[in-house]
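Below, chain A partners chain B and then partners chain C, in two separate complexes.
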Partner chain A sequence: MNSITEDVPKKTESKSVTTFKETFNQHIEDIDTTPGWWRRMKREAFEAFLETPMPKRKDESWRFASLSNLSFAEFDYGKPPSIANAQELVEKSNVLEHQSGSFIFADNQTIDAEKASFELQQKGVIWTSLREATSKHGELLKDYFMKQEVHLGSEKFALLHSAFVENGVLLYVPKGVEIEYPFLSYNWITRNNAAAFPHTLIIAEEFSKVSLVEAHFSTTEEAPALSCGVTHLFAGVGAKIDYTLLQDYNEETLGFQINSNIAGKDSTVKSLSVNVGCRNYRSETHGQIKGDGAQVEMLSLAVADEDQEIDQRTLQTHSAANANSNLLFKNALKDKAKTIFSGLIKVDDGAQHTDAYQTNRNLLLSNTAEANSLPGLEIEANDVKCSHGATTSQIEEDEIFYMLARGIPKEKAQELIVYGFFEEILERIEDEKLTEVARSIIQTKFSSK
Partner chain B sequence: MTTAPTQIEIDRDKGDFQYPEQHKFDAGTGLSEKTIDYICDVKGEDDWVRSYRKRALKVFESKPMPTHWATKDLENIDFDKIRYYLADGQRASRSWEDVPDDVKETFERLGIPENERKFLAGVEAQFDSEAAYSNIKDAVAKDGVIFVGSTEGLLKHPEIFRKWFGKVIPTGDNKFSALNSAVFSGGSFIYVPPGVKVSHPLQAYFRINAENFGQFERTLIIADEGSEVTYMEGCTAPKFDTATLHSAVVELVAMPGAKIEYITVQNWSSNVYNLVTKRALAHENSVVKWIDCNIGSRLTMKYPGVVLKGRKARGEVLSIALANDGQHQDTGAKMIHAADETTSNVISKSISVGDGRSTYRGQVHMPKNLKGCKNNTECDALLINTNSRTDTYPAITVRGDSNSVQHEASVSKVSAEQIFYMQQRGLSEGEAMSLSVNGFVNDLTRQFPMEYSVELKRLIELEMEGSVG
Partner chain C sequence: MIAFLDKMTATLDIKNLNVSIGDKPILKDFSLTVPKGEVHAIMGPNGTGKSTLAKALAGHPDYEITSGDALMDGQSILEMEPDERSREGLFMAFQYPMEIPGVTIANFIRAALNARQPEGEELNAPAYYKSLYEKMDMLKIDRKFTSRSVNDGFSGGEKKRCEILQMAMLDPKYAILDETDSGLDIDALKVVADGVNSLRGDNMGALVITHYQRLLEYIVPDHVHVLFDGRIVKSGDKNLALELEEKGYDWVKQLAETAA
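And then the complex of A and B:
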C-alpha cells in the first residue's frame, strides 16, 4: 500500500506527504504558462487529493480488486528531459487511414501536432492542446474542464489527475458542423517510472458530428510507469460523438482511465475501448443520459494474460425519458489473469420508456484465470425495458472439434475462435486501418506467449 | 398505462389480531450477559451452550452494521428496546387437546382447518418462541426421524446435533447470525436417518405475538445418507405499531445422496425486520432446494445459500418476492461451488407494488482447480406503479477454463394490452392486474406443494388489491 494513506503511522505519513507536496510544488513551478485560475484549480485538487483516503477493502466500488498494487508515490512527476527519438515516435504514430488533425505526446510533452484544416478552423472548430487551451480558451475550459463528477470509486485518482495534468487535447465542434475523419491523440510513455496524465475533452455542440481516436502506448517493454487519464465527452442536442481508445501500454504500467460522457437530447454517443496492456488497469466509464431520446453505446474488449488485472467499472445513468443505452464488454483471459466487470444501470423515476442493456462476456482460456462479474440494475421507473446478462465460460469442445475435423490444428482453432469472439466489437470501429491495428495488437498478444 | 401512486389498502385482517400476553418467562428488554444467563437458566441448558451464547454476544457487539452495502434502514433497529426471550414456559404439547384455546383460535384465523392438519405428518406450531404444539406422526418417529425444538434437540440429542450445530453458519458469519447464536430459542431440529424417505412434509407455523419481541429461531436439519425430507415453514404476524425484529438461522446438512427441500412462505406484517441467514452444506450427489416466498415485512434480508462441497452436488434456489408500499425485499441466493461437477440454479422473480422496493443480491463463486461446474441464474422483476423500484446486484467469480456460468436479469411491467384485453372481457383493472402478476410467478408456484401455491396465490391477490386505479 502506498505511504500517503491514513493507515500508516503519523510520523512517516507526515514525511511522505511533505515529499509529495514538494513534488507538487515543483510541478507547479515547472509549468510557467499556468494561468492563475488553473494554478488555483490544481492546488485545490491536490489538497483534496491528500484528504481523500485510498480505496479500502470494504468499498463496494473496489470489490474483488487487488488494492496492494495501486501505489503511485514512487513515480517521477518531475519535468522530463527532451524526447530523444521524437521523430521516430511521430512516424510510428500512424493508426489511422485518414485524420482531421492529430496531437502526439510523449511523457506529457507535445512532440508533434497536425492542425485542423483551414476550412474547419473557419467554421469555428477548435483543435488544440490543453496547455494552449488554458491560455486561449479559458472561458470554454471554465465550463467544461474536469466538470463531470466521478462516481465509480476513483475519486482520489481523478484528483491526482486534476492536480498533475499538464497536457492533452481540447476538441470543440460548433453547431451544425459535421467532421468526416477522426482526430487523433497519441500518448507515448518513454521514460522509466514516468507519470503520464492523458486528457481528452470533446465538446460537440447542437447537431454536430465528430470522432476521435486516442492511443496509449509505451516505447519499452520493461519500464514501469503510471498513466492516469481522463476523458470527458459533452454531446449537445442531436450531436454525434464517436470515441475510440486503444490501450496497449507495457505490462509494467499501472493504469487508470476515468471516462465520462454527458448525452444531451437526441444525441448519439459511442465509446469503444480496446484494452490489452498494463499490469493493473482500472477503467471507469460513466454514461450520463441527460436528454430525452439520447442513444448511448459503451463497448469494450480486453485481453488479459500472465498476472494482469483489468478492472472495469461502468455506470449508465438514465435521467431522461425515451433514451436508449447499450453496453457490451468482452474479456478473454489467459494464464493467471484476472478481470473484473462491474456495471450498473440506474434508471431514475422520471426516465420512462428507457431501453437499457448491459452484457458482459468472459472467455476463460486457462485453468488459473479468474473472471469476476457484478452486473447490477437499479430501476425506479416502471415503463422500461432493462436487462443484463453475464456469462463466463470456455471454448466449446464442439467448436474445436469442428475445426479439427477440417484439418485446422488445435492451437490455431483456439486462436480463430478467440478472434471471432472479439469481432463483434472490432467491426464497430469505423476506421479500417484502426480496426486492423487493433486486430494485430490482439493477435500479437496471443502469438507472443 | 397510467397508474397513479395510491395508498394501498391491504387486507391484513387475517393476521391483524392479538391476544392478551401471558408470558411466564420474560427476559425484559435489552441484551447483556444477564439476558443470556436468564435464557440458559430458564431453558436448563448445558454449560457449553451458555459459553457458546456468550461468545456469540461478543461477536455480535464487535461487528459493525453491514450498511456499507446494505440499506441504511438497518440503523433504525433499536437493539435496547427488543425483548430477546419470552415463552409461556409450557412444555411442547403432546396432543391437540392440550393446546390452549386462544392458540387454537389463532390457527383458526390463519385458515388452517383442523382436519387438514391431520393429514400432515407432523405439525410444529410455534407460538412465540417455544413450540406450543408438536406432533410427530407415529410412522415418522418409528423410522427414527427426530423432529424436536432446538432446546430439546441440544439437550436430548447432543451426540447428533452438536456435531453440526453452528458449523454451516459460523457465529461470526454476519452480525445477525451472531445475534441469533447469542439468544436463539425455538425453531426445529430434525434428523433423518440413512435411507429414510419422509413421505410427508414436516411443517412448522411461526407467529410473533408480543410487541417489540424479536424471534430468533434456530433450525438445523440433518439428512443422513440417501435420505429425503421436505420441511415447510409458514409465517404470519399480527400488526404492531413499533418495529419487531426477526432474525433466524437455518442450517441444512445434506449427507451424500440426500435430498432436502426447504419451503418458506412468509407474510410478515409491514413493521417487521426479517434478517435471516440460511445456508446448506451439500455433500456428494446430494440435492438441496430452497423455495422461498417473501411477502410483507418492512425489510427482509435473506440470501439462502448452498455450499456445494461434494462431487455432483446440486443446489437450487427458487424465490418469489413481493414488495408493497413501505417494504423492501432484499433477497437473493449464494452458490459456493467447492467440488467438481457441482451444479446450481437460481430463479428469482420479484414484484414491486406502490413504492415498494425489491432487490436481488446474488453470489456465485467457483474457485480454481474445479472442473465441470455449472450455474444458471435468472432474475425477473416486475414493476407495477411508476414509483416502484427494483435493483439487481449479482457478484460472480469464476476461475478456470472448464466451468460455466450464465446470469440473466430483466425488468418489465405488466403490458397495457394484456390488461385492456382482460378488461374487455369484464374483469376489473385490479383483477386483471392480479391475474397478470399470478401469471408472472406461475411457473415457479407450480413447483410448490399444492396448499402453498394456493395460499400464495391468495396472498398475491390480496396484495394486488387497490394497487391500480
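And then the complex of A and C:
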C-alpha cells in the first residue's frame, strides 16, 4: 500500500503533523475501494496542504479574522462506527415540500438517499453521491471536480477539503432538461470533534434548469466540530442554476465554505446563503462570469450573536461582456458578534457593458457588535456600470417607538425589524416551505437567548 | 352604583401635566379631561406643545414628564411602558409615521393584535384578514397594500390612511390624532375624516390635534381647546375653531397675555 508516511518522520516535524499524517493515512485506508486517481489526488492535496502555510491575520485576505489556535489534528476524521438516531435525522431532514432527489449525510456517511425519478434518469440526469461518482463518472469529475483555483485566501482549507472529502453530491443535468423541484443535500454533524467535508458539484448543460438546497446542521448544541465545504456550480450556455445553502451548525463549530459559481454565456446563476451557525465561519464566494450575457446573483443573510464571527469574502470576476452580477450580503449582529465583509468586483478589459453591483448592509443590534466592511472595485474595461456600497446602521429608536406605540413589545419589535431587514433576501428564496424554514431558523436564533 | 363609578372614571384625564424636552419646559400645568364618547380638538400655533402632548402621553422617551398625571379610566398610565399604554387602549396616530422596510402592513397589524392576545394564543388568520379587508375597503386602501412594507414609499395620504387603518384594527379606548391632516389634499382628508367618524361612538374618546380648522369641518368636535405656550388658554364648542380661523393666532396670543 502506498503511504506518504513510509518515510521516517523528520526530526523537525512536530508531533501534531505526524499525528495528522497518520490520520490521513487512516482516511485513505478507509476509502481503499475507491479509484486510484482519487486517492492520488487526495495525497497530492494533502502534501500541498502540509506545505501551505496557515493564513495569518496580517494577510490581506484574512484581515480582521481570528484564526488563533486552530489545530487540525484535534478533529476526528475517521469513519464513525455507526450513526445514532439515523432514522430520526432522516425524518428531520425536511426543509422542502417537494424534491427531485435527496442525499442525507451524517458525519460524511450517507444515511439516506432518494434517487432522481426514472423519467429524469432516462433523460440523462445524474444525481449521485460523490463517492459513487468517483467510480461511475470519473470522466466527468476529471473535468469538474475541484478544478477551481482558490482566489480568496482559503487555499489551505480547499486543500484540506480535497484531501479528506469522501462524500457529497454530484448533480449533472443534460442539455435542455428543466427540473421543477430542487434537489436536497443534507449534511449533519453528530459527533464530538467531527470533521465534515460537504461537497456539492452541479453541472448544468446548455439551456437546462435546476435548483439545489444544501443544509448544514448539527445534532447537538455542544459538540465542537469542523466543517470544510466546497460548492462548485457550472452553468452552461443559457442554463439556470438556483442554489441555496442553510448553515445552522451549533456555535461550537468552525466552518469554512468555499463556493464558486461559474457562469457561461447567457446563463443565470443565483446563490443564496443563510448563515446563523458556527463559532467562527468563513465563507468565500467567487462569481466567475465567463460567458457574455450571464446573470449572476450572490445573496447572503447572516445573524451573528454572542462571540460569533462571520467572515465573508467575495469576488465577482467579469471576463465576458454584457453580463451582469449583483451581490447583496446582509448581516444582523447582536451581543459581541463580529462580521467581516470583504468584496471585490474585477472587470477585465474585454468585459464591456458589464453591470456589476456589490452591496453589504449590516444591522447592529448592540453597541458591542462589530461589523467590518471592505468593498472594492478593479475595473479595466471602460464602458461598464459598477457600484459598491456598504452601510452599517442601528435600529432607529423612532422605529421601535412607533411599534411600541402599537402595543408591540420591544423584543418583538426588534425581531420584526430584523425580519424586515432580511426580507429582500428571504423573498428571493423560491420554495415557500424553505422560506418558512429560513425564517424559523432566524426566529429560533433570536428567541434562544 | 357601578354605573355611576363607570361614568366618573371613563375618561382620559390629564392633570397638571408638566413636560420638558431636555431642560426646556413645553407643557405647563396642562389639564384636560376627555370623556369616552367625545371628540376634543386641540388647536394652536406651531411650537406651543401640541405634538409634545401627544408624544408624552404615548410615552416617547425624549419627553420627560416632570410632574402631573395622566389617567386612563382612572388608572395612571405614566409608569407604563409605551407598548403597555397601547395595549391598555391608548392610540396615537403619528404626524410623521415611520417607514419600516420589509415589514408588511398585514404582519405589522397582526403583531400588534397578537400582543393583545392572552399568552400563548394567536389570532385566527381568516377572521383577521376579513376584518382587515373590511377596514381597508372603508378607508379606500387597495387590498394589495397588505403585502406592502409599512409606510415604505407611501404618499402622505396613504400614510395617514394607514394610521387610521391601524386605529380601526386596534379599537382603542382613547385616540390621539397628531396633525393627521398635515400634508393631505382635500380628498385624502375626507377619506381620513370618514374613517375617524365611523369609529366615533360611546366606546372611544378622541383628541384631535390640528393647526387648521379645515379638518374640524369633517371631524366635528364636541369641544375645542386653544393651546398656547404649553397650556389651554380658551375652550369652547366647535364654533371656537371658526372664530380662531377668522381672528388668527395673534388673537390667541392676546388671550394668553390677558390670562396671564
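Keep in mind that, in the parts below, the second predicted complex is superposed on the first by the 433 of 449 C-alpha atoms of A that agree within 3 Å, B and C clash if a C-alpha of one lies under 4 Å from a C-alpha of the other, contacts with A are read in each partner's own complex, and residues count from 1 in each chain.
We adopt the following convention: a contact is a pair of C-beta atoms (placed from the backbone, for glycine too) under 8 Å apart; a residue touches a chain by one contact, two chains touch by 3 or more.
Here the structure is a predicted model, which means the values were calculated and not measured.
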Task: Scan A:Gly420 for contacts with chain B and chain C and give back first, second, both or neither.
output: second
- prompt: If you stack the two complexes on chain A, which partner ends up touching A:Arg57: first (chain B), second (chain C), both, or neither?
  reply: neither
Message: For A:Asp383, using the defined touch cut-off, is the partner it touches chain B, chain C, both, or neither? Pick first, second, both or neither.
response: first
Task: Could you say whether A:Ala369 touches chain B, chain C, both of them, or neither, answering first, second, both or neither?
output: first
Task: Would you sort A:Ala405 into first (chain B), second (chain C), both or neither based on which partner it touches?
output: second
- request: Name the chain, either chain B or chain C, that contacts more residues of chain A.
  value: B
- prompt: Do chain B and chain C touch any of the same residues on chain A, and if so, which?
  reply: none
- prompt: What residues of chain A sit close enough to touch chain B in their complex?
  reply: 58-60, 63-64, 349, 352, 362, 364-395
- prompt: In the complex formed with chain A, which residues of chain C make contact?
  reply: 58-61, 81-84, 86-87, 91-92, 94, 97-98, 100-103, 107-109, 111-112, 115-116, 149, 166, 170
- prompt: Which bits of chain A are touching chain C when the two form their complex?
  reply: 396-399, 401-410, 412-413, 416-417, 419-424
- prompt: Which of the residues in chain B end up touching chain A in this complex?
  reply: 1, 3, 68-69, 368-369, 381, 383-413
